[in-house]
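Below is one structure; the comments refer to it alone.
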Amino acid sequence: MNRPFVPWLLLALALALAAIYLFPLYWMYVTSLKTGSEIFANPPSFWPAAPDPSIYPNTWVRRTMGTFLWNSVVIASGVTAITVILGTGCAYVLARYRSAWIDIGLFAILMLQVLPASVMITPLFVGFNQIGLLNWPRTAVVLAAAAKSMPFFVVLVRATFMSVPRELEEAALVDGNSRVGAFFSIVLPLARNGILVCAILTFMSSFGEYIYSKSIIQDTALQPASVGLSGFLGPNSTDWNSIMAYSAIYVTPILAVFVLLQRRIVSGLTSGALK
Amino acid sequence: MKLRTLGLMAGIALGALGMAVPAMAQTVIKVWSIDGANAPGVGDTLSKEFNDANTDIQIDYRIIQFDDIVNEALRAFATGNAPDIISLDNPDFALFSSRGAFLDITDRVAASSVIKTDNYFEGPLNSVMWDGKLYGVPKYTDTIALFYNKDLFEKAGIAEPPKTWGELVDTAAKLTDPSTNTYGITFSARAGEEGTFQFLPWIQMAGGGYENVNVPGAVEALDYWKAMVDSKSASQDVLSLGQWDSTGTFNSGNAAMAVSGPWELDRMVEDAKFDWGVALLPTQTEGGPRSSALGGFNYGIFANSKNPDEAFKVLEFFISQDERLFPDFSSLPARNDIALPETGIALKDAALKVFQEQLQYAQPRGPHPEWQKISKAIYDAMQAALTGQMSAKDALDQAQATIQGIVG
Amino acid sequence: MSRILNSMRDGVGFDLILVGAAMVFLVALAGLPLVYNVVMSFQQVDMFTLGSLVRPFAGFTNYVAVVQQPEFWLVTKNTLIFVFASMAGQFIIGFALALFFAQNFPGAATIRGLFLVSWVMPGLVVGGIWSFILAGDYGVLNAILKGLGLTQATIFWKSDPNFSLWSVVIANIWLGLAFNMLLLSVGLAAIPRDLYEAAELDGANAFQRFWTITLPMMRPTIGAVLSLGLIGTLQQFDLFPALTEGGPANTSNVAGYWAWQMSFQLYDFAKGATISVMMFVLVLFASVVYVRSTRHEVRG
């Protein structure tokens, strides 16, 4: 393993793999810069004949993307907040004990998520209507989507808590702390990294929430970017290039954040490995 | 029950807040349609004009995507949140009218000076009728015919567009040229309403109908379609392309003929760098019976509308603007008393004449309350045959069995 | 009273509150809709009764009707293929990438970061992009395959019954790869280095080290990844309408999409609910079998 060229060989291989993997992303950007008929040209061109970047500002303005993206941020923040507040405590308890009941609890949390959102939406809509929650559509979507992201969060954060040594919490209890005190002053700070990372992941995946928003939020001014995108993916989709431009604007910021943060994400999660 | 009261109170409180601003009593009419998503359409434009001109009635307009509008309406209706007026694709209309979810407007129309049933084409009018009663008004209509690339026809030495199914298959084969990536023909046989929309006319030309799909001529038609796909005269992707994308390949010169409708005209005038024309759909035999699909939308008023009188007034306003449908929105009125003005674009005007002739043969899908299931049986059969999973005969026989179970 | 308060602050009551809050939330927003679907599958449903629970009882007629649909067995087969192929592809490629990037070479961590992009891509966008890539005539995948000389004929990924399901599987593997790789990377990083060093001293080769150290140490991670992956795959919806709409002739239709089609394209809500309940029971059954089979294993 001490041959000096091996790491560089691995690097070359890594770059090649990354190129293959990222090709769909590249294709999104290229397609956004092509003209309407160039998109359907056969064979396809790998580089647009006359790239026109003005499509980005145009799409941004014409599709009022500012409003849509803001709503996405609001919804994703709400989902993350609820998931973290409810999920953290639940994960802590599920990590603290080992018994058949804990297994059943975990199993139930996973099982409650088996049905796809597309078949959950009708009962949720009817229920929200009964309690008048449809008047606050974004809140309704946040509640529904938080229930969807919960199991993922609980499973990951539970692993983080498992890596916090039991002895530390017990020592704090011996020192006269209450359970509540020990939880907030000892256990939570130790698991902070893992929770933070899972929160970021929850935020990012709920940024793309689509099915619930589409049915529950009727007012265009309150809809997230995913619904805004689907609004012009209809049967007579005319401008595929601006659809791709929209997609590019939609995903590029979160991609950038993600790539910048990825090292911390992995190390944050490894501090409490999945057990 | 208690929760419901709470919700109601919250709703009233909110409503009160909203009402606090305008002092005058105002009736709000909710209108849902698919118009206005990509470009200004009929529903959004007219609603805005109506709001500017009226103070006692205001329209609350909402755009909904084509794929979602029926679901949204069903859910809203079931929970008491339905809009007052909705505009639906014509085969979806019977789902509501047959169950009395739409207001019976027979008497109102009879008394109306704006809406007269005599002015409408028979097909569109049938799609808003149920059990002899009138549940809506046609909004606009369309149909499909055969687009052909005149330059490619000339190059191949073909003088005229095909008149019969057999000629169509031969012509498509002659025009196919893999070296230039040109297919002879393109159409849409996708797994959805568009697939049925394109194939049902062929069943009808052969003397069948939606309740009778396995007539011998329909099997023959499906075999012709399969022959075109198998011989690569048509791309296999006709099975997944919608009409708009399918015709896109015609516009870029990758297909010499395309089956599609007048909604393509504006884009084609812009994109197609060749001379093109439109012909009536070919028939089974020379001079045989014609048919085509009937597209287009209808307006309906929901039966549980709290302000049916005001809603009908809004509807009358919409209909009173029908003359503008074509010049302003490139949509064809479903009426025989409105002449379409010349656009000055020769290709488009010539094409429109053909479409208007084709429209006379257009037959509605249904009306049937379970149309979507019938439609799925038809497009599933079409796809099973085109992909070679079943013979055309077996596929249509199976579809017929399914449809028999639905129509009884 | 004070005992209860005390327990909440300093005993099992505290645990119960923490779990209870999350459970109440989940039962309300995931459990009740599930029950609603189960109830609906035994009833006749139409647009007038969609909003209430009181509907005519239908017994098992919905179930019988679903099984009698001509496409039932095809959809069942497709669902199994879709779930297994997607999960296997995501897991194997994800694991291979995780192992690869665990090697020490310049830029490993940064390039690994690039492999996480599919995590944050909304399914809707991914579906749109792959729809272009997999198109038959103007699709770039065919252009590449032809350019490399791997195929002469145009492959109609979305329209050929032999490929349609696989085109969704390919897109889904791409979509789920980031999730699998990230979680498996995390698991790998947690294995103490000295275990490997000790094994190397004992003369174990790379394969033996993988088999005797990596895999056993990763068992809990793998369990979590696979169970979350199963749920993710069953919930996959956005790719279907974007790519094949379940066609041609249902050859790429799976239970989740079929249930949606029944409810929202054919407006047969009872059958849609029935399919989703059948799907649920199947997963429940498979999970119970799996859990029972692991019960005999020794806990580490």
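Read from first to last, the chains carry the letters A, B and C; within each, the first residue is number 1.
One rule holds for everything that comes next: contacts are C-beta pairs under 8 Å (C-beta built on N, C-alpha and C of every residue); 3 or more make two chains touch, one makes a residue touch a chain.
All values derive from a computational prediction rather than experimental measurement.
**Student:** Top contact pair of chains, counted by C-beta pairs?
**Tutor:** Chains A-C share more contact pairs than any other pair.
**Student:** Compared with chain A, which chain's mean CA position is the farthest off?
**Tutor:** Between chain A and the rest, the longest centre separation is with B.
**Student:** In angstrom, rounded to a whole number, how far apart do the mean CA points of chain B and chain C lie?
**Tutor:** 36
**Student:** Please work out the Cα centroid separation of chain A and chain C, and write it as a whole number of Å.
**Tutor:** Result: the chain centres lie 15 Å from each other.
**Student:** Of all the residues in chain C, which ones touch at least 2 other chains?
**Tutor:** Those would be 50-51, 137-138, 264.
**Student:** Listing for chain A: what residues touch at least two other chains?
**Tutor:** In chain A, the residues touching two or more other chains are 40-43, 122, 126, 129, 230.
**Student:** Of all the residues in chain B, which ones touch at least 2 other chains?
**Tutor:** Those would be 67, 71, 75, 78-80, 181, 249, 254.
**Student:** Any idea which chain A residues touch chain B in the complex?
**Tutor:** Those residues of chain A that touch chain B are 36-37, 40-43, 122, 125-126, 129-135, 214-215, 218, 220, 230-232, 234-239.
**Student:** In their complex, what parts of chain C are in touch with chain B?
**Tutor:** Of all residues in chain C, those touching chain B are 46-51, 70-71, 135-138, 154, 156, 158-161, 241, 243-251, 261, 264-268.
**Student:** Write out the stretch or stretches of chain B touching chain C in their complex.
**Tutor:** Within the complex, chain B touches chain C at residues 67, 70-71, 74-75, 77-80, 95-96, 99, 101, 181, 190-192, 235-240, 249, 254, 370, 372-373, 376, 380, 383-384, 386-389, 398, 402.
**Student:** Under the touch definition given earlier, write down the residues of chain C that touch chain A in their complex.
**Tutor:** Result: residues 9-11, 14-15, 17-19, 21-23, 25-34, 36-37, 50-51, 97, 100-101, 103-117, 119-126, 128-130, 132-133, 137-140, 143, 146, 174, 177, 182-183, 185-187, 189-190, 220-221, 224-225, 227-228, 231, 234-238, 256, 259-260, 263-264, 269, 272-273, 276, 279-280, 283-284, 287, 291 of chain C touch chain A.
**Student:** Can you tell me which positions in chain A touch chain C when the two form their complex?
**Tutor:** By the definition above, chain A touches chain C via 6-8, 10-11, 13-15, 17-18, 21-25, 27-28, 31, 39-44, 46, 82, 86-87, 89-90, 92-94, 96-97, 103, 105, 107-120, 122-124, 126-127, 129, 143-144, 146-148, 150-152, 154-156, 159, 178-180, 183, 201, 204-205, 207-208, 210-211, 226, 229-230, 233, 240, 243-244, 247, 250-251, 254-255, 258-259, 262-263, 265-267, 269-270, 273-275.
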